[in-house]
Structures are given as C-alpha cells and as structure tokens.
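Note that the chains take the letters A, B, C and D in the order they are written out, and that residue 1 is the start of every chain.
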Amino acid sequence: MGSRVEILNPGGYRSDGRKQYELRSMDITLGSTSSSSSTVVHDLQNAMAHPHPTAPDGRAHIAHGLTEATAQVFGPREAQMRRDAIHDRANINVQVVMLPFSGGASSRRRGRGDKRLLELAAAIKSTFEPVIQTGLYPRSQIDIIVEIHQQDGGVLQAAINAATLALVDAGVALYDQVVAVSAGLHSTAVLLDLTHYEENDCPHLTVGVMPRSGKVTLLNMESRLHVSRFEHVFSVACEAAKIIKGEMGNTIGQRTESLVSAMAQGEPTYGRTAAADDMMDEI
Amino acid sequence: MSIFVLPGDLIVPGSTGSKKLKLGPGLVEQSSAIVATRAGTLHSKQRTTFFIDSDTQRYVPASSDPVIGTITARQAESYRVDIGSASPATLDFLAFEGASKRNRPSLRVGSLVYARVSVAQRHLDPEIQCYDATTGKSAGFGELKGGMVIKVGAKTARSLLSPTHFLLPLLGAQFPLEVATGVNGRVWLSSVEKAASGSSTTSRNSVKNTIAAIRCVQAYDEEGLDAKGILALLASLSL
Amino acid sequence: MPRPTSPSIPEKEFLVSAIQQSLRLDGRPLTTLREPQLIFGSELGWVECVMGKTRVLAAIDAKMVKPAADRPYEGMINIHSEISPMASSEYEQGRTSDEEVTITRMLDKVLRRSDALDKESLCVVAGQRVWSLRLTIQFLSDGGNMLDCACLAGIVALRHFRKPEVDVEGEEVTIHSPESRAPLPLAIHHTPICFTFALFSFPTTQTGSTAAPLISTLPSGSFSTHQTYALLDPDLLEETLAHGTLSIALNAQSELCVLQKMGGVPLDQAKVVRLVELAVEKAKELEIFIERSLKEDWAGRGLEVI
Amino acid sequence: MFRFTSSTGKARSNPVYVQGFDNKDMDWDAETNAGITAPGETIVSSLEFMRGHGTFPDGDEVAATVAGTLQRVNKLISVKPIRSRYTPEIGDLVVARIVEVQPRRWKVDANGRQDAVLMLSSVNLPGGIQRRKLESDELQMRTFFEEGDLLVAEVQAFFADGAMSLHTRSLRYGKLRNGQMITVPPILIKRLKSHFCALTCGVDVILGINGYIWVSKHVKENQQVGEEGFDAESVYSNKNDYIDATTRMAIVRVSNIIKIMARYYYPISDIVLNQAYDWIVENDYELKDLLNEDIGEALIAAMSTTYQ
C-alpha cells in the first residue's frame, strides 16, 4: 500500500485542508435546471408511451464537497399498478441509481438487483414513510428517484438530504425534514462529513435527524467502533446536523422567497422594486 | 376404537349387518373397498359412520362449521373474508341478524368475525353468514371486538368446541373469559374485566389474563398438557 | 397462495395495549431474548439455531481454489442466504424480498466485512492455493427476527468448523483427512452477535384516555409527544406491526460492528445509547452461552486422535 | 430554478465553518421573512388559532408542512404551498387527457393526485343534449373518447378518497382539436371570469386551472358549439380541420410565451398573453428566438413594467 497519508496532521488539518469539525462546502440547487422541464409540451406519442408528464414535481441537486446526488420526486400521482395503491394512504417507492462514472467502488457492477442499492432505497423509503403526511394522498403513489452522480464519501448523507429537498420542492406535505450527516473517529478525534479516503481508514457512521423534534430517524454504521467512543461521535454528528439544516433551510427559504416575489410581479396591485430585478436573474 | 391409518390403507368395517355405511371426511370408496385418503386416527360412531380425525393445518370448509375470519376487502354487496381456506369466503351484507338494505353492518377491513359456513362446495368460493339461518338470531355470531386471536391445530379446535372438554371451564374458573373457537383452527380469547370503573378498557389484569389464557391454550395445543399441567402453568404465570 | 393477510384490528389493538403495559404474548419481558438453542450436526461447521418458532440452519464447506489476483494472500468466504418459501408462504422462490436484502446485507457486514474471520489464515500457498469457504444459510421457519437467528447460526458455524490440516512441500500440497490428522479451527478474531429491537411509538395522550389506542400500523406526525417502546428479538406479530427496527451487532469485547436503524419511527439520542448499552450486556451473556454449547458439543465428539 | 452555494464565492470556496457551531453565513433568516414557511417549522406557538391546509398541530404549537406563504384569515392559519400538484375545487375548469377506458367510465389524467373519473352518464352524447343514454353507448365508448384524447371538463364532485369526478355536460366542454397543450405549475393560473379566452391574435386559449393549457385555432362564433353553424354529430370527431401557416405561427408564438412565463413563475392570464404577444410582434422577434434566455428575460421585464 502507498505511503500513508495522514488523516489528521499535527496542525489539526485533514488531508483536504479542513479542520476537524468542518463540513465540506454544500451546493444546493432546487427546481429543475433545464428550461423546458417546468413547461412540458405534450406530444402525442410521448404521452401515449407513458402518460405521466416527464417533468418531475420536485427536483433537488446537492453536493457535499465532491459527492453529488440528485433526487427527483414524481407525485403524489395515480399508482401505476393498481395492486400497489393503498386504500388510506400514499405508497412511497424509492429507486436509487448509481451512475457508472460516479467513481468509488461503483465502477464494478451496480445493476438493478444490486443489494447495496436496494438496501439504500429501502432505507430512504422507511426514513420518509413516517415523515410524509401519506394520509393526505390515499390510493396515490409518490416516486423518489435518487441518482448518485459522484461519490467521495457520505453517499447516504447526500441521498437523504437530496430526497428531503426534492420532497420540499415538490410541495409534498412533510411533518418534518430529515437532515443527514456522517461522522467518524480518527484515534480520539471526531471528524465530520468524511471523504471517501477518510471513510476507508476510520470507523464512521451516518445519522439522519428530524430537526423539529431532534430525534434520530436514521442511523447506519458499518465499521468497528468501541461502545465507549460511540456516544461522543453520535452526539457530535447530531449537533452537526443542525448546521446542515441551517444551510438547507436557507436555500428553501430563498427559493420560496424568489418564487413568491416572481409571482407578485404579475399582480397589478404590487409595484415592483429594483431588488426583485436582480433576484430575477438569479433564477 | 381408534386406530392410526395412513393414506391408502384399506378399511375393513366390522360386522355392520345390512345397514349402509356412512363415510365421513378422509374416507372414500374405491371399487367396493373403503380406502383412507388422509393420515389420522380412524373413528366410528354407532359402527356405521366412519371418519378420520387428522391434525391438519389447512382448513377445508364444510357447511355449518363455525369459523373465525378476517375481513380483507369490502365489495359492493359483500365482504371478502379470509378464513384460512384455499380461497377467501364471501360474507353478504345481509347475512346478519336484522340486516336490511339500509342499516349496513359497520365492519371495516381488518375486523374479525365469528360466522357459520353456509355454502361450501368444492368448486365454489365458500360463503359464510353471521346468523343462524333457522332461528334468524345471531346465536353468538357477528363481529369479535377486542380480545386476541391465535392459531391452533384442527384437532385442538374441535376438542375445544366439544362441551365436555376440561380446558375452557378450567380457565373460566380462574378469571372472566370469553372464547370463540373456529373449526378453521382460530381461537378468539378475551378477558374483559368489568373493572371497578365500569369502563371496558383493556385494564391491566384483563390483558394479563388474556395472555395467560392464550399461553394455556397454546400449551395444550403444542404439548398436550392435561388439567394438572395447565394448572401448574397457570400458577407459574400468575406472578 | 393468496398474499398472507395483515393482522386483524383486534390483534393490533391487543398488541398495542400489551406493549403499553410491558407485556408480551409469550410472557417475555420487553428486553429479553428468546432462549436460543444450538443443535450441532454430525459434520463440523453444521449448526441449526432455534429461537422460539424461528429456525435457521448454517453450514460451511471449504474447497481449495486459486486466490484472486489482487489479493494473493487472502482466502475467500462467500455467503449464500436466499429465503425460500420453506420459511413462510410470504416468500416466493427467485424473488428477492426486502427481508432477504436486509438479512443478506447484514450477514455480509457482520460476518465478512467485520473481519471476524482472518482471511490471511486461509492462505495455503500465496498466489496459488487458498481455502475458499462457502457459508450456506437455510431459513427453515420464520417465527420473527430471522436476522438475529441467521447471524448467530453463521458465527457459531464459523467457530464450529474445522478445516483439514495441510502440508506443503514445494509444489506438493497434501490435504490430510480428519482420521489421519485432527482438523484445525479457523482463526476467528471476534464473535459479532446481532440484536434487533422492534420499535413501537404511541402518542402519550392515548394511554391514559379511554379512547381506543392508536391502531394505525404506521404512526406519523411530529414525534415529540410520542412514547416509544423497544422490544428485543420480536416474534412474527411484533415484527409485522413494528413501526421501525434498530439492529445492533457487537462482540463480547463491547466493540460495535454494525448499527442499523433504517428509518421508521425516530428515537431520542439517549434512548439509542441506552439500547446500545443493553446490547452490550446481552452480548456478554450470549458469548458465555456459545462457549458452553461449543464445548459441550466438542466434548461429545471424541475426535481427538493423539 | 435557483442556485445557491452555501457561501459566497466559487464552488470550491471556504467550507461552512462549524467550529463552535455558529454560522456566519446566515444571510437569510426566517424572522425577517415571516410570511415564508418551510416544512417542520413552527408558525404559531399558541393553540387558539384554527388550523387550515399545510399545517399540523404538535404539542401546543402549530407547524407548517409545506414550503409556501402564510395565510391568516382572522382565526384561521394556513399555508399556501408555492409548488404543489393541482388541488381541485368543485366547478374548476380543467383540461385533461384520457388514460384508460373502463366499463361506463373513463380514467382521466388531470394533473391531480389521482386520476380523475369521467362517468359515461356525465358526458354529452352526439346528437344534442336530449338523447337518452342507450345500452349500446356503453359498448362503443371509444367512439366518444379513447386513450390519449384531450378534453376540457369541469370538476363535478369528489369521491371518498379525494379523486375528482368530471363532467362535460355543457356545450362549451368536450373533445379538443386543432392545437397543442402546455403544462405549467397550476399555481400560475389566475382564477378568471372565463377560462375560455380568444386572444387578439386570432388564437383560442383554454387556461385549465389544473395547469394544462390548450392553445388552438380560433373557432368563429357561428361555428361554436350550439350555434346553427355547428353539426352536433361531429362533436367527437378526431379530425383536425385545416390550419393555415399564419395561425400555426400564432399558436406556436403563444405557446412559447406561456413557456417563458412558466419558467419565470409569472402568473398567466389572457390580458398578459395579449400584451406579451403585442410586445413580441412590435420587436418582431423570430419564433425560435423566443426560447433563449435574454429575450425571455426582456419579455418578463417588459410585462412587469407595464404593470407599474
């Protein structure tokens, strides 16, 4: 194995220049980027092929450092297979796709039946089932499609955050959001938001927190960690989730703000201020 | 006289004189010989009717069997009920005491019902009803509210149904207990104590008693405990 | 076969009121395992684990193969765990059910990825001949929580298995039969054991009031006012109606190997930590039980030739 | 779409600083934008408010379930989501597409949470309103509507599980021809007196409240349904009439305008469409140029200024 690159150098910096508790930079894009997608021209064969509109109801793209995930939400809409429709609530199904070029261990086969992806999809589904107000949409179906574009550690974290943002963008009623973050341990130092390199060498866990009640809805650890260390890493991760919640909250708030002001332009009663202008070219 | 027979065994009836033999479940006549089609113990009543009592799990509906079923779906005119048979049974909206077009029964998907098999032909979906057709009264049939239902073997279910069996009176002496037994191997037990406050909530000891009753029935079903064994089990439970 | 019907309303209500009074159908306290029973076969590395009505069989066989190019010093272990309709009519042959995905992944993490088995000890001739173990898990009957039962059967099978002794002279590799040389145990670093809790959550307002307890199988709503219960080693009914599960795999040296709470009803941080500590106690007890069972079986074998 | 990086500067900028968990980058905070909500956020801490859509009670607080604007009508608190699927109301005019033909009814996609239902009994039969429903009608339902057909209808009622029941029991409703459909977020469609609009440029537009907009060739008054120039038999014909080039250009121009509006989340109404059309004609932009960004932005800017 090549020369050992230090996870944490004596100066307290990690291999990518971050301090111990620093999160990677987050880049969030809500809504669909392609201009035509929010307006879909219905040509006949397209509609006949699959009657559902091609534009997702909600879309979000999130990047934690180099790890990038995109989530698209279709629905709530008619269940494609009558068998799946549940008489008193919505049926959620989740599909996770790992793009072949996304790097990491995915270069090998990650086909449809790959158990790792099925497990990730099952985790996302059971994470959001108690969070979405499924009772509001009986006999309908909500599809969450998560694509992993790039992998550099924290794949589960990016998938969960992307799914939350896409559901918010789709306007699906949620009791609370779910914010995920990963944390690891290097000898006695707790590290947050690990890269793929750090994940290989340190025991790490991913935590999914519901910010409103502060409760933990998702917890996943696949590496060996002594019980005495666990509590410390676990509590730091839960704290860090608040920061990510802040970032996500910012984006959601600013996005809603810009859409509301865009809508306000059309109303004759409101005058339009210059501020709204530059807000406009942000879209 | 009960001897254990296996499928395919030839049955030679004792001296029955001229009376015609009546063959119950598990026996069939093949070219003037009687052959067993199921493993179990051969029983005979008044030397003329023979049947095989086997401890099957899968229930084959026979008419006028009391059964316990779960409502799985609600259709235009009837409910579909799972009674553990190959195909689900149908329970007509009107098959209740005093039912009419207007006052529909208030059953929901998932409700438990105690009913009687009215139609059970080989090629038809079985039909059940929640009243005794002859008297028109509910005769104990209808929705089973509260309590708990467990699965036991067919033999245990049949023995619980016979009035002379020791188990139910024994349990009844310990605490107030309501029991509904289905030939399809399902037994519903409920020990609702008329708590001092009169409310029929599942108070602490009514849940405890129901669990005790369940464990006794299961012990009898799986280990065949006798009265002494059951009493010993009850004593160990009542801590 | 019609899909197995979901439990009836009385069953749900009864379970809810029983749990709220810390009672279970088989009389166990909320935090007690069903007493596992280990039945060893005549072959070494063949064990059947029985927990209540749940039965899982684990069997190991080994053969000599050429190692993978990128790992010349390491032997291989692969796990076959397909759930057949034998376990329950709910499973179809050939179709991967969700339970099978969870169990297969957990077995992979607990037995393979946790380095419980020292792969390098399986090496015979580096680059040419290594032992390749195949652990087959057969699910005989699903009485709830097949996951824990399968993990226990798997790790005990690994500790029970003996591989033939091998002599290497240059290119010459001779495998000694059990009669001539006593077979050798595998190098097992630690014994990870999996504990699964079924989680239930009811709004606190319900317990006191006379209203029938909340019977929706899937509670949702902000969980700040909910009371949650964790049932260790759930039986079939508890597993079906559970609002979520938490699985903790750790060894007797209280080293966590896998922590898995894949969604479902959320828990407070303190509750998670308490459950982890509870699992540590249980792991120690179970380790003693495994030791004792292996010794008893070994004593009865009389294979010692020396 | 809105692109936000967590901190100023380019993509690889200094990461969010977590030391001590204070976050200096909080340049947008909830207090100053009280009107905006996000799921899971507390709106009101007391229980004396009545709860409307988009909210749920949690302990003694009321929290939002969707991202949107807060609406307070004296005692009633509710949240209007900024983006969501069409939530129907009785009497809404919707454009819809037939998905499936079933015995005595059609399943219809109206951009709702479930497919809507169009009963055979709530459809006008060819040959005018008086015709009684025959047994044979049930057998030849595909002669009326078949999979893929587009129609305009009105929401008549709701089923127990919230699915819409539509009807086309009036002369203005029925099968659509001679045009194309655009889908926009339903929230952009303003509620007008009539959603059948004849634009000055000789194009008819049906603004479905469910976000499906039908842009088609103008039908002269006398040929309109119910007038004497209209033959009742052809009400369900699938044949498009001949459409000359200028009308096609007009239809495409209007469609592109609608697409620009949707992209900039600009509310859509017939007045705005007329003005936008005139503005484009004045600046004689090429048809295809309409879809690139700068012209789109200029159009929206022009529209907003005319409302000053």
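Odds and ends about this structure:
Keep in mind that, in the parts below, a residue touches a chain if its C-beta (ideal position, glycine included) is under 8 Å from a C-beta of that chain, and two chains touch if they have at least 3 such contacts.
The chain lineup, named per UniProt: A = Ribosomal RNA-processing protein 41; B = Ribosomal RNA-processing protein 40.
What you see is a predicted model, and the numbers here were worked out from it, not measured in a lab.
Listed by label, the chains touching chain B and chain C alike form an empty list. Taking each chain's centre as the mean of its CA atoms, B is the chain most distant from chain A.
Taking the mean of all protein Cα atoms as the centre, the chain whose own Cα mean lies nearest is A.
A count of contacting C-beta pairs for A-D and for A-C identifies A-D as the more extensively joined pair. Once the centre of each chain is set as its mean CA position, chain A and chain D turn out to be 28 Å apart. Distance between chain A and chain C, defined via averaged C-alpha coordinates, is recorded as 31 Å.
Inter-chain centre distance (chain C to chain D, centres taken as mean C-alpha positions): 53 Å. Computed from the mean C-alpha positions, the centre of chain B lies at a distance of 58 Å from the centre of chain D.
Shown for chain D are the residues in touch with two or more other chains, namely 40, 56, 58, 63. Chain B has no residue in contact with two or more other chains. Under the contact definition stated at the top, the residues of chain C that touch 2 or more other chains are 221-222, 224.
Those residues of chain A whose C-beta lies close enough to touch chain C in the complex are 89, 113, 115-116, 118-119, 122-135, 175-176, 205, 208, 210, 212-222, 224-228, 230-231, 234-235, 238. Residues 18-19, 21-33, 35-36, 38-44, 47-48, 51-53, 55, 57-58, 63, 65, 75-78, 87, 133, 137-140, 168-177, 192, 210-212, 239-240, 242-243, 246-247, 249-260, 262-263, 265-268, 271-272, 277, 280-283 of chain A are the ones that touch chain D when the two sit in their complex. Partner chain B is touched in their complex by these residues of chain C: 2, 5-14, 17-18, 21, 23-27, 210. Interface residues of chain D facing chain A in the complex, by the touch rule stated above, are 1-7, 11-19, 21, 23, 25-28, 30, 33, 35-42, 54, 56, 58, 63, 65-69, 81-85, 97, 99, 107, 109, 111, 113-115, 147-148, 150, 161-163, 180-185, 187-188, 190, 255, 258-259, 262-269, 272, 291, 293, 297, 300-301, 303-305, 307-308. Against chain C, the residues of chain B that register as touching in their complex are 70-72, 82, 87-88, 108, 110-112, 144-149, 188, 199, 201-202, 204, 207-208, 210-211, 214-215, 237.
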